[in-house]
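Note that the chains are named A, B and C in the order they appear, and that numbering of residues resets to 1 at the start of each chain.
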Amino acid sequence: MIALLKRDLRLAIRAGGGFGLGVAFFLILCALVPFGVGPDTSALQPIAAGILWLGALLACLLSLDRIFALDHEDGSLDLLATSPLPLEGAVAVKALAHWITTGLPLIVAAPLFGILLHLPTAAIPSLLTSLLLGTPALSMLGAFGAAVTVGLRRGGLLLSLLVLPLYIPTLIFGTEMIRRGQEGGATATPLLFLAGITAGVLALVPFAAAAALRVNLR
Amino acid sequence: MSIWEYANPVKFMRTSGAVLPWVVAGAAVCTVTGLVWGFSTPDDYRQGSTVKIVFLHVPAAMMAINIWVMMLVTSLIWLIRRHHVSALAAKAAAPIGAVMTVIGLITGAVWGQPMWGTWWEWDPRLTSFLILLLFYIGYIALWSAVEDPDSAADLTGVLCLVGSVFALLSRYAVFFWNQGLHQGASLSVQSGERMSAVYRYPLYLTMLGFGLLFLSLLLVRTRTEIRRRRLAALQAREMRA
Amino acid sequence: MSLLAVHDLAVARGGLRTVEGISFSLAAGQALILRGPNGIGKTTLLRTVAGLQPPVTGRIEMAEDAVAYAAHADGLKGALTLTENLHFWAQVFGGGDVAGALAAMDLAALADRPAAALSAGQKRRLGLARLVVSRRPLWVLDEPTVSLDAASVSRFADMVRGHLGQGGAALIATHIDLGLDARVLDLTPFRARAAPAARPAGFNEAFA
């Protein structure tokens, strides 16, 4: 499994833009928002948390279809399915690789972009915690969506349609946590919900994703 | 005599064909009588005549949820016992459920305008229904995107399972997010009388009518799906011969 | 001892049976060549044996994790070098001699090139070298000689002979003569027959 993780990371680096593309998209999104709503702090500050989470979510969505599509095209997925590696484990590892190449850079960049959107510095710890707890669930659910749509011709659009509704609970608790952090309130409740959802997703969704992959391979 | 005998398409076609006219008649009688009776009730002292939209709103909303539950059950039957009729029934039910959700949302908006002064409010109940509609759309889109019928049934079945968990999760997450304007349940077993009997009985009748309406649409659509499947099988056989 | 035993197997593609009633067994050191016209279901049969799809009826008996499967797509990553590609599969399948496998398919000189730079035939050879590093006893090969030149075909035949000599077995769908001492199974007589039009009404039969 570590070999698979290493290979996916190496491929992301060699293919170029594996790490940077999501962050660049995130930056563009955060740069466009002030053009849409105006540059005033009073306009930007209340929506900063939401924009940051939405940006992370969409940046994550961009690279989802690559989780399985490339391996499906070149036959690696067939070989992985016949290998001693359990397919559930392979799914989890590929989701982890996606998180490292997409989620992690977003988390590192988020405080900077928060400053662009006039997010108060008091909210930055809760921004980081919420992204750190929430984005693994985004990658795992995305891997499920990618597994369901892997062989389809119009897979990309369908993937977004299937995956985005699944992101709603994570989005709600993630932004709620930043909002409370911004107001200096107690963040424990949304934090626990967010962590609970992520833990549940990481524990159960690999089985659903592996089942979908097996269907798509036959 | 086991219930699984109806999983045989031949048996299902025969039985559903015999039952269908009665179900259609029942649906027509209950829905029309319920609506006419409902619309001829006196106006509510607070909500005026707008209250009468309840006779469309509540049955549609109820069916929207029940149809998803029915899809979950039939998907599970397909995934576990692999009865084709079950998978086709889930496929046939989805668009009906989506339409019921849309009816619930539109009647809700029409009712909300005079009551709350706004067409749309990000109220937990309304929002949950919007999310439910998204799940219906995703489910229908996946069915139409996968070519191999058995694979499509498997994938949508898994999606229905995961989607059910997340639809439920979203519903409670939404309550956390916004407390809302929507009144509590209009009919409730525990909380005693909320609604006067004048409105309650026609409402029960329309709910029964919508249930039968769903059943008749479901039977017609499932029969169509079975015939389509059969036709595809015959064509494929001819191609090979 | 037989590595693979197939009893009365029927397989389906797109919900339709392609071939049915197939039985054979492969002992250590044996190879079986599958023949048959296009579309009869050779690939489907091989994928079923490899465990990628379930059989419609019949049984497949073999040890767990015995199959190394190679099909039209080689599972190679253009951004990785030949060594890295093979090393990855060696790790996934539990170790194997990467340098030896490269030498067996005459790729040692290219070991540090990225796989994207290879020609179609060279990629094919790399895909076949993966079989050696997988260290699986049963090779299931779907048209392994596509885009190989005559010299490479004979090198590949040597590789299969070596594998059989070490107690392995191979199930190969191919149209060319590899010069192996192998049985040939023609699938044409096993083509699935259309069901009689007036079939008794059984479970789910209305769809097949």
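One rule holds for everything that comes next: a residue touches a chain if its C-beta (ideal position, glycine included) is under 8 Å from a C-beta of that chain, and two chains touch if they have at least 3 such contacts.
Model, not experiment: these values are computed from the prediction.
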item: From subunit C, the most remote chain by mean C-alpha position; value: B
item: Innermost chain, taking as reference the mean of every protein Cα atom displayed; value: A
item: Rounded Å distance, subunit B centre to subunit C centre (Cα mean); value: 47
item: Distance between the centres, which are taken as Cα means, of subunit B and subunit A, whole angstrom; value: 32
item: Centroid distance [mean C-alpha coordinates] between subunit C and subunit A, Å; value: 37
item: Residue numbers of subunit B (touch at least two other chains); value: none
item: Subunit A: positions in contact with at least two other chains; value: 218
item: Sequence positions of subunit C contacting 2 or more other chains; value: none
item: Touching residues on subunit A, where the partner in the complex is subunit B; value: 144, 148-149, 152, 154-155, 158, 161-162, 164-166, 168-169, 172-173, 176, 190, 193, 197, 205, 208, 211-212, 215-216, 218
item: Residue ranges of subunit C touching subunit A (in the complex, touch as defined); value: 47, 50-54, 65, 67-69, 71-77, 79-80, 84, 88-89, 91-94, 130
item: Residue ranges of subunit B in contact with subunit A within the complex; value: 131, 134-135, 137-138, 141-142, 145-146, 151, 154-155, 158-159, 161-163, 166, 169-170, 173-174, 176-177
item: Residue ranges of subunit A in contact with subunit C within the complex; value: 3-4, 6-7, 10-11, 14-15, 71, 73-76, 78-85, 217-218
item: Subunit B to subunit C touching residues, read off their complex; value: 7-11, 83-84, 147-150, 226, 229-230, 233, 236-237, 240-241
